[in-house]
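Labels run A, B, C, D, E and F following the written order; every chain starts at residue 1.
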Amino acid sequence: MALFDLPLAELEKYRPTVRKPADFDHFWTSTLDDAARFEPLIAVDPITTGLALIHTWDIAFAGYAGHPIRAWYSRPAGTQGHPLPVVVEYPGYGRGRGLPVERLLWPSAGYAHLLVDTRGQGGQYGNGGDTPDPVGSAPSAPGFLTRGIGDPGTAYLRRLLTDAARAVDAALALPDVESAAVVGNSQGGGLAIAAAGLNNRVDALLASAPLLCQVERAIGITDAEPYNEIVRYLSVHRRSAERVLNSLSYFDGVHFAGRTTAPALFATGLRDTICPPSGVFAAFNALGTPLHRKEIAVYPYNHHEGGDAHHVVRQLSWMNDHLPV
Amino acid sequence: MALFDLPLAELEKYRPTVRKPADFDHFWTSTLDDAARFEPLIAVDPITTGLALIHTWDIAFAGYAGHPIRAWYSRPAGTQGHPLPVVVEYPGYGRGRGLPVERLLWPSAGYAHLLVDTRGQGGQYGNGGDTPDPVGSAPSAPGFLTRGIGDPGTAYLRRLLTDAARAVDAALALPDVESAAVVGNSQGGGLAIAAAGLNNRVDALLASAPLLCQVERAIGITDAEPYNEIVRYLSVHRRSAERVLNSLSYFDGVHFAGRTTAPALFATGLRDTICPPSGVFAAFNALGTPLHRKEIAVYPYNHHEGGDAHHVVRQLSWMNDHLPV
Amino acid sequence: MALFDLPLAELEKYRPTVRKPADFDHFWTSTLDDAARFEPLIAVDPITTGLALIHTWDIAFAGYAGHPIRAWYSRPAGTQGHPLPVVVEYPGYGRGRGLPVERLLWPSAGYAHLLVDTRGQGGQYGNGGDTPDPVGSAPSAPGFLTRGIGDPGTAYLRRLLTDAARAVDAALALPDVESAAVVGNSQGGGLAIAAAGLNNRVDALLASAPLLCQVERAIGITDAEPYNEIVRYLSVHRRSAERVLNSLSYFDGVHFAGRTTAPALFATGLRDTICPPSGVFAAFNALGTPLHRKEIAVYPYNHHEGGDAHHVVRQLSWMNDHLPV
Amino acid sequence: MALFDLPLAELEKYRPTVRKPADFDHFWTSTLDDAARFEPLIAVDPITTGLALIHTWDIAFAGYAGHPIRAWYSRPAGTQGHPLPVVVEYPGYGRGRGLPVERLLWPSAGYAHLLVDTRGQGGQYGNGGDTPDPVGSAPSAPGFLTRGIGDPGTAYLRRLLTDAARAVDAALALPDVESAAVVGNSQGGGLAIAAAGLNNRVDALLASAPLLCQVERAIGITDAEPYNEIVRYLSVHRRSAERVLNSLSYFDGVHFAGRTTAPALFATGLRDTICPPSGVFAAFNALGTPLHRKEIAVYPYNHHEGGDAHHVVRQLSWMNDHLPV
Amino acid sequence: MALFDLPLAELEKYRPTVRKPADFDHFWTSTLDDAARFEPLIAVDPITTGLALIHTWDIAFAGYAGHPIRAWYSRPAGTQGHPLPVVVEYPGYGRGRGLPVERLLWPSAGYAHLLVDTRGQGGQYGNGGDTPDPVGSAPSAPGFLTRGIGDPGTAYLRRLLTDAARAVDAALALPDVESAAVVGNSQGGGLAIAAAGLNNRVDALLASAPLLCQVERAIGITDAEPYNEIVRYLSVHRRSAERVLNSLSYFDGVHFAGRTTAPALFATGLRDTICPPSGVFAAFNALGTPLHRKEIAVYPYNHHEGGDAHHVVRQLSWMNDHLPV
Amino acid sequence: MALFDLPLAELEKYRPTVRKPADFDHFWTSTLDDAARFEPLIAVDPITTGLALIHTWDIAFAGYAGHPIRAWYSRPAGTQGHPLPVVVEYPGYGRGRGLPVERLLWPSAGYAHLLVDTRGQGGQYGNGGDTPDPVGSAPSAPGFLTRGIGDPGTAYLRRLLTDAARAVDAALALPDVESAAVVGNSQGGGLAIAAAGLNNRVDALLASAPLLCQVERAIGITDAEPYNEIVRYLSVHRRSAERVLNSLSYFDGVHFAGRTTAPALFATGLRDTICPPSGVFAAFNALGTPLHRKEIAVYPYNHHEGGDAHHVVRQLSWMNDHLPV
């Protein structure tokens, strides 16, 4: 894809006004209060993975409405009794938590690691997920973004983002854990921003190519999936645009970014049509984090893959500075 | 698409063995008994459409577990007190009941007409639907076919097919209705076959390009949607094939065809990769209907559109012979 | 498709200068005078459709040069002797009049209805047409838009638009008809605008996603079919651009819009690359109709399908206000 | 494209039965007799091309019904008074004769060369054509193959093939010409076979990847254009298959091949989905030419491009053996 | 992709005859003897990765003609002095060794791990490679498979496969290493088979979806990349098929499989068009390994991704049985 | 493709600043001096083509580092002893010199003609090439543009452009040659501009749709091949952009254009995404040629094919004016 979004010089100072509901804070306070009525940890079962250096547990924690959300919890073998920072990671769109051998980076680097499942997702490709979404839905476009979107209270995204915020509490409820970073790419990046905005126990935020940032602009400048799910939904529900855009604005990463002051490392590819760079910069520039404690890596020739392993190396180094093992 | 399935001469005598669970009949008897505990009609509200010749009501009837299923009910203006046959119609995949001005054929032809919504569907394209599916699901492929498919009891298809069977009872519970035909194209064709197999009050069956017929073969010879949803699901849930194919066999049109003796008009396009002709013939040849009371229209140069309006004309004529107004 | 044309605020006041030949009016006056030498109705034969509520006739009327153009004429059963408004409808590109069971809306709503065939078209998909175009052509791009386009006098479009204008005369020559609306989508919308501009007996104009509006801009901003036929033709006939653009300007909807004062309901999808919204607004804003008697429905999330049945409902309501049965 | 047609060993002995109308010979005799009523040459005008070694004339000859068909006639400069063999060449589908600088092979090799235009074609891509088809048509699929195909008498192909046969007479009516070869690729190959079958003055036949050979099989095994035009037409005209296939059988290269005894060089690519190799072999094996005077070049790894310039080299060598300058 | 290759029951006993040059063994003996003149290890430099549990070195070893080939060598931190089995891994087509944080599985499982670069590759996507191919080439299709393929002696594949075999020697020349497994997916799977066939110090062979198996059949049944590079090359070099197929037969995995008796775990997806299952089974069934020491995992609903992480889990378990840490 | 680059009015005065290395002139002077150490002609062998009017020789000349570069040399038969201008032609990307029967225009027009092979290319499609590139390369994107691009000294483009410049010396070293034009389309156009800028013996420059002009802008506005090779390379080598763009600037046609004063005929299609028109105009406007001795043909409705044979006719006429035979 050729360059299609704003030029880098404009992106760097891009601070759009993004629709925000008057009761945004109240909506989330009451949502999280409801969720907080449940003890975070439901089950913590050790499993065998064949990985000698890493110990892994199959976790269930209480997400939205106390629904059990599964996660893989891993930490370097032999670190019981040694408090470690925990990296809470969220998967990309369409994936579930997969299998525990898939994401070895953070435990190999010495961190505790909670790989959170995404409710209902995981059946599309990859190696699956294990968390149902027990809530049904009014007619929606194929995919997840528009399920229940007619009202923010029934939206799938409300449940998904609440799960993300609660995952941090679950991680910190585990033994020998002392601080928490949230990390994710694409949908996972969007969830990391939401978790940081909704849970002030987050000590570091790493989001690359985050989805769900300045959604209203994104659906005008790209027709790539999954933002296109929203366009398709609105093309059917022709009179619902205001209502749906209002619902979506409860879940926009730009607002969550404004609610965190955690140090942050972002990333974007300037040719990324899936999560256009303007949305990423809109969220990055809205962060409540002081300037000297946030960075954004720009990959001018990359699409949605962004920096890939090169950015992973940068994340490792950044984490070592901000949340050392 | 070039010809890709069996030659016509083989299709005409094609009677494959299709996997059938031992408790197939029991599964459906108990499912329908449960559904029958609810009175079929929940709401019958007249609406204004601007169509002088046709009167229309917004209906809700009790589907699976008594869930309210919406439908448009139409009949020629001024026919109160005159019993009419009712045509129960099911939409294609991804569509809901849409708007009442969309399907005017059967009331224009003098029939009562019940256009049934499909739970959860309708948000993908077209003019929408109004029936939620209140049941959540384990991880599934995008779309509906694999929701809950890990077990026939939780499968979306169980709910959808039960709705289809109950729609006939709802139609016959309306005033001034004297007999019922079921009709549909693609998914709608599959639902019509299921309704005829599950509800012995069906007096005529019209199915063109029906989905859900000999599914196990279909997923081997085509990679078109929506059968591909199943392939994608199985590609993620690699060890679930036997379990999922077993679940799907509770919903295979070939088995429902064997349970009906209603006169039937089928149709297939020989280049149809979406609903391959072998599945259509497998169901047609399995019908319990006597030979002289069933027909299949073959369109050798057509894809999924089959006979289109040419087949509609044939359906009208056939209906006039079998269920005259 | 993402948004690609002018923003809505600019579209609403968009009044471009469109190339117009000096002899535009003379060209059309003499063209229509020639056509008017033929009696409009050639044949009116009742047919059987199986639709109890609607009576249908197979019509032939005299189009360009008196060539016989076929149409389906329908009206509610039992309305002989009751004058009705007639809705003259034109098909989309590539379709012919099809079969009489395909378009039941207007007769179901109580109107007389003339569904006009399009000469030569109808062999591409759908259910066909019955009207030959007896005139050959110099080399042209596949399709119809560039046949004979080297000269406005020999252009296929001249014949097609004359047929459209004459269809109104044919409709009004039928018994028990009292006024005429023209309606169409895509090519049909372009033909409706042309008919209204060329025949002052048109009492209402309904055009959605009309083709052939500000053609010169359209071929620069979209490469979708069928406008791309023109680009392909010009890519071969590299020195003919001025001549061809001049020819095309005899058939541009913006000019026809300026010639009618009939009340009008337009529609456009803002993501429509087939008939870009700038052309639709250019025609709409050029209408000679007083402001309070014209409306345009804008569907921001839709492509060429625009409002679909939702717009049909609006059309029905609008017609009931402007040309009640 | 992977291999998709019969294996080479079967192709080499492939002699299918191809539908042939009882009046095939009569149809063509009367068609050609009608055409023979016109003097072949209508105009022969020298033009300037800027090519010092080659002289070129713009020709018009009498084709079907005496319609003027254009052609470029070229021969080496300074060969007036020296009788030369003439190579009559037909263009591929969608092209016209283009410009005289485009096809320099045969005059460079010392031959006279007649590059024949194709009526109506030439507006799709390339550099155009100059021959209108003055005959209109009933609804047809976009393209040329199905124009007028409802009856062999009105078929575009009848006119096109008659033009091809008459081109040989025109070439031989030019001064200083002593014998004629016909040559073409794709549609041009089909026309060359037809010309050889219809005009016994052809002394050599070179056809590579010929279209219009065993059409009835081709439309079952490929969905590539232009054969797909026929499928699309039949998908609309659902009841016309027998009639249309009958019409097409008047123009099948297999039958023309049987009518010629001229020495022949054919070619086919085994991965050619546009003109599948089974059709090419069906025609080749049907040739009336003695075995030792016909050859077929097989390119196992090529698609429609076949041997390209490598085959040209072989054609030059073969021509030098059979029709030396 | 629908099922397209042989049915599973036939695959399980599929033992095709594959073209084999008379001097196959001599070719490879002399090739390897030449390479063995160089000491395997050229450079072993520790690097910092930020991974606390794993130590990594940047290695250069002597490949074909002693060319330096780069690799990442990793092993669990703190295992100096403890002999470990080493897993030699080869990348998929188009990738290089990337960055050391990308492949953490085997060191996390307690193994030493040598991730070998692929000469010249790595610039197409992903995170790059560091090994030039210093040898130029005659014209080839884009990509690597056909470079120098006119002669087995100059073929890129000769160099690449020699590198693969020498990588095992390099791995075993490292300190604290006691045995060697080879592993790879796609091209990497093909290289693993070659390494096992060419180097009898291989103790275990893990190949999933291996490329370069029964190449001559593959290029007839699939047109997917990279096999299509060969088709494209042969489509240009029309007379070289025999020579090129002969060259390729020096590098066919079926022959290498016959030369190893190492225990082996293979895998294939039955819908894999990139490395069709018939080739995988042809190699698997040709293995010199005793039946009870070889296994193949079949993924009936998967394409080239095969078992993905599910297969990784199986590989871990299998390795633990055959080459325990 | 719709219009996507600057409007024509802006193109006509488009004079962008293009990155230019300080040692640009020195780099090329030393490169050419090195190449000039070799005698240009290595071999001149007459061949038989079967073309009576044209004599052809198979040439090898000394290109970069004296590497033998093949070419076809043709001239009208019987012109020994008559000095002729020679047209040096370069092929498009992916093609080699092919076969001598493929490009007959210039000898037919009376010119001597040197059709130069492109090292390493020619295996992708068409009829091949005969010139190896004996130099290996670091990892690069598939294709040729990025081979060795990490340093201008090792870049494939350095070798290719030097070959192009040396081809002129080779042509002028042949007997009976008196002046030289360079001509090419696409890559060939870029090579012609380079040859004219690097070799002051060029008397006329004909470049249509030239590649390699204002590369840095091109990779931002198009994602078509082959410019996309550069994007892909930079997407992998994320930190190399400055170095690579610097290397590429040694080969940018805009700089070569500034070094020639030869009369020039350029061409561009305004919808050409492969070689966007802004780059063509940037080079054209940068030409050192006086205004009255340069022309550019603009084809507003054409893509990369531009004027095709229509432009060939214009080239012939222009050549006749500037370098008459």
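Keep in mind that, in the parts below, contacts are C-beta pairs under 8 Å (C-beta built on N, C-alpha and C of every residue); 3 or more make two chains touch, one makes a residue touch a chain.
Note that the coordinates shown come from a computational prediction; the quantities given were computed from them, not determined experimentally.
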Enter the minimum step count from chain A to chain C; a value of 1 means the two chains touch. 1
Going by the touch criterion stated earlier, list every chain that contacts chain A and also contacts chain B. C, E
Selected pair, out of E-F, A-B or A-C, that shares over half of its residue contact pairs with C-F: A-C
Result of counting contacting C-beta pairs for B-D and A-E, higher pair: A-E
Measuring centre to centre, with centres taken as mean CA positions, what chain is farthest from chain C? E
Rounded Å distance, chain B centre to chain C centre (Cα mean): 37
Rounded to the nearest Å, the gap between Cα centres of chain B and chain E is 50
Which chain C residues reach two or more other chains? 125-127, 235, 305, 310
Indicate which of the five shapes (line, ring, star, complete, other) describes how the chains touch one another. other
Output every touching chain pair, sorted by label. A-B, A-C, A-E, A-F, B-C, B-D, B-E, C-D, C-F, D-E, D-F, E-F
Which positions of chain F touch chain E when the two form their complex? 94, 96, 120-143, 146, 232-233, 235-237
So, in the complex, the side of chain B touching chain D is made of residues 1-3, 271, 299-303, 305, 307, 310
With touch defined as at the start, can you tell me which chain F residues reach chain A in the complex? 219-223, 231, 234-235, 238-239, 241
Complex interface listing, chain B residues touching chain C: 49-54, 76, 98-99, 101-102, 104-105, 107-110, 125-127, 305, 308-310, 312-313, 316-317, 320, 325
